[in-house]
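By letter and in written order, the chains are A, B, C and D; residue numbering begins at 1 in each of them.
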C-alpha cells in the first residue's frame, strides 16, 4: 500500500466523521471499555471476525442498541482496531508475545499483517524460546551423566557406590573423592610432562649409529630415543593408572545400566586409555631396548604412536571437569552455538594470511637477509601479526614491509575483533539463559507446594 | 519557550479549572474514548486541525452538544492533546513510528515540534530503514551474480551448464564443482608459495657477475634469480591455470547475457589473470635465461612484475568465496559502512606514530647502541607498540624510553579499542539486519498464500 | 495448560458473549474505570479475591447493581483480569516491580503464575536490589575506616589529629598530608627497587668460596650476597620507615576505638611491616657480614626472607590508595563479584595450556633444535600464545607447529575474550550502581529538609 | 515506610471499599477520564494540591456533585493517584521526563518521593542533557576557529583571504589549499625524520676528542654530533618553514579580530614554532661548528634543545587535523570526558607493575643469568606483559617466574579490559550525541521555515 493511499484513507475518515450520521457508527464494548468506530472501517477486512460481524451486528448487541460485547483485554484490542483504520498493525513492545498471538487468533488476523518491527519481536521471541529449550535439554544431558541409571532394581550398596563415584554433591566424601580424582588427573598429565624434560631421563644402552642410518629422526628426537624414562616417573604413572583402572572396573561392576554407561563418551575415553596405557607399558618394558638397538622403523613408530595416544587421551579426560563447572558448560554451549562465527574468524585469518603472506615476501625481497624467507613462512607471519601475538621470530625490516605490516595488523584487529564481539554477546546471552533455567528449577520444586496452599 | 512560561501556563490552566464554567470545555470523542479540554487550550495552536475547529465546533458535534467525534486511535491522540496543554510533544517509545507520522499528519502538527528524545527515535528509525534497504540491495547484488541472465532465450543445455557453474545450491554436482573449484584456487596459490622456498628451486646457468654489476638487486633477490622454478611446480601451475581458462571459456560460450557477464568484476579478474599468466609463462619459458644472462634491466623487471601481478590476481580471486559465505558478506558490508571508523583508526595510528616515533628516538639517544636507530624506524616501533603486537625487534632500553613506551601503549590501546568497538557494534547490527532480511524472504514466499486463505 | 485448552477457552468466551444474557456479567469499578466480565471467567480461579467474590458479589456492590468498587490502579488490574481469561499473567515491562508485588498480594495471586518473561524481570529486579544493597554496604565499609571511632569520649585535640591523619577530605592540611604519605610510600618502594640494581650496590668483604660450597645459590644470587646495599639507600629507607612508624604510634595514641583500629586490615599490615623492618634492619647491621662469611645456611635464608617480607608488605600498603579512589573501589568490588568469571578465565587458560603444551612439543619434535624443549615449557608457551603476549622466547618453527600455534591463538582469543567481556559488563553495572548510590547520598542530605518544606 | 505498613494500608483500603458509603468517594475528572477514589486516600498527603482540595472539594466541582475537573493528561495522573494509595511513586519508563517534572510540579509532589528506579531515570536524563549541552558547546568551539571574526568591519578582499585560509568548505580552492597545507605539514615532519637517519647525514670537521672529554655523551649521540644534516634536507625544511611563516604573516595581516586570533592555541603553536625554528636555524648555520669544536657544554645543549622544541611543535601542529575530522573531535571529547577511566587505567598499570616488578625479580633470582636484572627493569617487564605487548626483551625463564608471569598477564588483561570497555561505551554515546547535534543543526535551518507554513 503506497503513501498516497494511506493519505486518502485518512482524508476519507475525516470526511466521514464530518458529515455522516451517528447511525453509521458501531460501539464495541471490550470488557467494559467502549470503542466507537465507523462500520465502513470494519468492512475493510471482511474475512476477519469483526469484518464478518459488521454486516449483521444489530441483532447481536444486547444491552444497548449498536453495541457488541467481547470479554477480551482492551489493551490488546486497541492496536487491532487501529489496524482496520490505518492498515498498520503494531503492538507496543512491552506486551506479551503469547497473548498477542492469542488475540490475533481470536480476531482472525494473520501474523503476516504485523508491521516489520513487531514481526521481528515475535521472531526474536521464538528464536530465544527455541534456543532456551535447546540449552535446557543440553544442560540436562550434562546432568544425566550423574543422575540417571538409579531406578534400576539393583542392591542398595551398589547404588551407594555408584552415587559416591558419580555425583560429587551427594555427600561430603563424594566431594573429597572428586577432588582427589581431579588431582590424580593432573598428576598423570604431569608425569608425562616431566618425562619430556631431558634432565629427568636416564641413559640406556642404545646403538645410535644404527638407528640414525635407518631412520630420518631429527637430533632432538634421537636425544629422546637414546635416553629412557626415569624409573620413578614410570612407577608414579603406573600407580595413577592403576587407580583409574580400578575406579573404572568398580564403576562397570556397580552400574545399574551397563548399556548406557558403555555408550557414554567419558567411559569410552577412560576405557580406551586404560587399554592403550597397559599395552604401551607392557611393550615398553619388554621390547623397547631390543627395538631401539635393532633400529627397525615400524616398532619404534608404533611405540611412539601408542605413547602419544595415551597422552592425548589423558588430556581428553580433563574434559570431565566440564561436568563439575557450570561456567565451562555455558562456554561449551556458546562455542557450539557460535560455530558460524568461529568459522568466520578462522576463514578471515586464513584469507588474511593468504593475502599478506605473499605481500610481505615480495615487500621484504629487497632486504639482504630477511626474516621472512619464503611465502609459507609469510603465511605464519601474517597469522602471528593479525592476532597481535607478535613473537618476533619474523618481522619486516624494509619500508615496504612496514607498510604491509601496518595494514596487516589493522585489518587483523578488525577481523579478530568482530567475530569475538559476537561470540561474547552470545556468551552473555547464554549465561542469562542458564541463570533463568537454574532459578526456574529451584522454583519448580517450591512452586507446586505453593499452588496447593492457595 | 522558557521555563517561566511553562509555569504560568500551568497556573493559568489551574485557575481556569477553578473558576470557569462548564461551557468553556469541549469533549473530543476519539473512537469511544472521551477527552474533555478547555477551548482556550485548543486555541493555542490555531493552525492545526483542532485549533481550526475550536472556534466553530458546535455545529459539527452531532450526538451530544459540545462533542466532536474522530475515528482515530486514542493512544496516539493523548500525547497530541497534551502538546496543546504543555507545548511538549512526546510519544511513548513503544509506539510505532509510521503510525506516529500518520497521526501527526492527520492532526496537522509538524515533526519539528516533537521533543528531542522522540525526534531521535524517528531519525534512528529512518536511518535503520535506510541502512536496511541498502543492505537488502547489496545482498541481492551478491545473489544476482548467480541468478540473473537466466531469462535470455538460449538453449536448454547452455542454461543447465551456466547454472551448474554459477549456482552451487542448484544441484549436488554443482556443490561438488564449487568445492573442487575452491580447492583448485588454493592449489594455485600454494604452487606460488612453494615456488618461493629456496630448497624447491633448481639451479640454472646464470651469469651472476654480469647481473650484479648492472642492477641493484639484494643478495636475497639474486638468490631467486640464480635459481629457477622447479619443473613440477610449473607443470602443476599450468594444469590448474588451464582448468581455470577452460572454465572461463565455457562460461563465455554459455552466458545468456554476454555484456553483463563481461562487466562483472569477478569475470574481469579471471580474464586478466588468464591473459597475464599465459603471457608470463610464454616469456618465462622462452627468454628468461637469455635475459638473465644478458643482465639487462628492463626485461627482468617486466618478467618479475608480470609474475607478481599474476600472483596478486590469484589472491584476489579468493574473493569469490564471498559469494558462498553469508558471514563474509555481512563482514564486507560492515567494513563498507564503517569506512569512517576504519579511517579514524588508521588516522589515529598514523598520528600516534608521528608523535611517538620522534619521542622514542630522542628518549633512547642516551643509550650507546639503541635498537631504535632513527625516527622512521621509530614510526614503525610506535605502530607495533600501539597495536600491542610487540615483535621485539625494537624496544626501549632507557628509563626515558620506558616512560614513552608506557604512555604509547596505553594511548594505543585506547586508540585501537574505540573504533573497533564501534565497528563491532555495526557488525552486530548488520547481522541482525541480515537475519531479518532472510526471514522476510522466507515469509515472502509463504505469506502470499496465507493472504488468500484468510 | 496446552494450546488446545487455550483455544477452547477463547471459543467458549466468544460463544458466551454471543448467546448469554447481560445478567451473567459483572462490572468491576477500579477507581473509576469500569471492567465488565463474565462471572464464569472469575469463577476459574475460585481461591483468589475476585474468585471468592464472584459468588456473592450482589450484596457488596453498592452504587449500581452488579458493580463492585475497588480503590486500586486500573493499569495494574487489567493484566490481572486478563489472567482470568487467558491463564497467562503478563505485566508490561515498564511497570514498577514493588507495585506489581503489592497488587498480586492484594488480588491473592501467586508470583509463580507469572509468565516466564515477567518472572525473569522480577528476579533480575531482586538480584539487582540485592547486589546494590551489598555494594552500598561495602562502600560504607571503605568509608568507616575514615569516619568511625569519632563518637568515643576523647579529648578534642586527639579527635582533630585522628581526623587529620585519616580523612583527606576533612581539611586542606589533611589533603597535603595524604599526598605526602603516598609519596613516602612510593619512595619506600623505590629504595628497594634501586637497591636491586647492581651498580648501586657496594662491595663488602665476603668469603665467597665458603658460601658457594655450602649453598646452592645461583651466580645471580651470589652477586647480590657479595655486594651490600648502598649506605644512602639504607639511610633513606630508615628515614621513611621512621616516619611511618611515628605515624602509626601517633594513630595508636589518639585512636578513640583501640579494638576496632587494631582489627583493621590496614593497621595490621602497617604494624607487621614496622616490626619486620626494624628486626631485619637490626640483624642486617649487626650480623650480616659475620653470617655471610661463615656461610651457614639458616641465618642467610632468614635474613633474605625477612627482607622479602618487608618488601611485600610495603607493596601491600599500596592498597591504601583504594580508600582514596572510588574508581579503584568499584574495580575491586567488580573483581570480587566476578570471581566466577575470573576462575573460568584461569581454568580455561590452564586447560588450554594442558592441551596445547604437549601438542606443540610433539609438533616441534621433528625440528633439530626447537625452542620448546619439553612439555612444561610448552605449557608456558601455550599461556603466552593464548593471551597474545607472544614474548618470542619460544615459537614454533615447523609446519605442524604453525598449525598448532594457529589453533592455539584462535582458541586463546575466544577463551580470554568471553570472560573479560562479562567482567567488563559487570564493571559497567557496578559503576552505574556506585553513581546512583552516591547521588542518593547527596539527595538524602537535602531530601529530608525538602520533606519539611512541603 | 516498612513492608508491614504497606500491607495494613492495603487491608484498610479493602475494608473501606467493603463497608463505606458512596458518599466517601470523590470523582476526579482528568480531561474526560474519571478517577474515583476514597477521600481518606487523598487525605494521606495533606500538603499536596489534591490533599488540600480533599477537605473542601464540594464547592469546586461544578458539573456533577463530588466531581472535580482538571485539564491534565490522565496518563501522567494515574501514577500520581496510585502514589496516594500505595506510597510508591513510579512512572512508566517510556514517559517523557520534562512532562513528568511538569506534572509533579502541578500536583505539588517532590521529586524525592519517586521510586529509586524512576529517580535514576530522571538523573540519567539530566546527566545526558548536561553532557549533550557541553558537547554542543565544545563542538561549536571547534567551529568558531573557522567561522568567527567575520563580522569585523574589514575590507572585502581581507575577508576573502581569511575565509580561504581558514574554512576548507568555503570553496574548491580552499579545499586544495588545506590539502596542500597538510601535505606541507607531513613534509616538515619527514625532513626531521630523514635527518635522523645516519646514512643521510654528512661528515663535518669536528674535534671529537675534545667534546668527549668535556661531556657525557653516549656513542650514539656523538655520532650525531660528528655528522651534520644533509644540505638538501636543511634546504627543504627552510622552504616549508618559509611557506608556513608566510601563511602566518598573511593571517595576521587579514585577521579581523587580532586579539582572539592571537589567543587561539593553534596560532600560539604556529608563532612559537616559527620563532624557534628561525632562531635555531640562524644559530645552527653560524656557530654550530665553532661550538662543537670548542666542546663547551651549554651552547651544544641549547642548540639541541632548540632543535627538539622545533620538532615537538611541528608534531603538535598536526593537531590542526582535528579541525577537519569530526571523528577525531568526538574522540578527543571522549578522552576528555573519560579522564577518570584513563586515570584508573594508568593507576592500575602502575600498581600492577609495582606489585609484579619485585615479584618477578625475586622469582627469577634463582636463574644464573636472568633477563630481568633488577626491580626497575621488572616494572617495565610488568607493564609490557600486562598490556600483552610482550616485546620479548625480558621474559621469565624459571618455573616461579612462569607462575608470576601467568598471574600478571591474566590480571593485566582484566585491568586493561575494564576501563577500555567503559571508554568505548562513552565513545559510542558521544558519537550518538554528535550525530543528533548535527541533525538538529540541519533541522534548525529548515525547521523555522516549516513553522511559518503551518
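In this section, a contact is a pair of C-beta atoms (placed from the backbone, for glycine too) under 8 Å apart; a residue touches a chain by one contact, two chains touch by 3 or more.
Note that the coordinates shown come from a computational prediction; the quantities given were computed from them, not determined experimentally.
Looking at B-C and B-D, the interface holding more C-beta pairs in contact is that of B-D. Relative to chain A, the chain whose mean Cα position lies farthest away is D.
At the interface between chain C and chain D, two copies of one sequence, fewer than half of the residue numbers in use appear on both sides, so the contact is built from largely different positions.
Put simply, the C-alpha centre of chain B and that of chain C have 38 angstrom between them.
Centroids built from CA atoms put chain D at 27 Å from chain B.
Multi-chain contact residues of chain D (touching two or more other chains): 33, 92, 94, 376, 379, 388-392, 421, 425. Interface residues of chain A facing chain C in the complex, by the touch rule stated above, are 29, 31-33, 60, 62-63, 68-76, 92, 94-96, 98-99, 102, 105-106, 189, 192-194, 196-198, 218-221, 224, 308, 311-312, 315, 318, 321, 325, 327-328, 331, 334-335, 342, 345-346, 349, 376, 379-380, 383-384, 387-393, 416, 420-421, 423-425, 427-428, 431, 436, 439-440, 443, 447, 450-451, 454.
Considering their complex, residues 388, 390-392 of chain B touch chain C. Of all residues in chain B, only 6-7, 10, 13-14, 16-18, 21-22, 25, 27-28, 33-38, 41, 47-48, 78, 81-82, 85-86, 88, 90, 92-94, 108, 110, 112, 115-120, 123, 340-341, 343-344, 347-348, 351, 354-355, 357-358, 361-362, 365-370, 373-376, 379, 385, 388-392, 395, 397, 399, 402, 405-406, 409-410, 413-414, 417-418, 421-422, 425 touch chain D in the complex they form.
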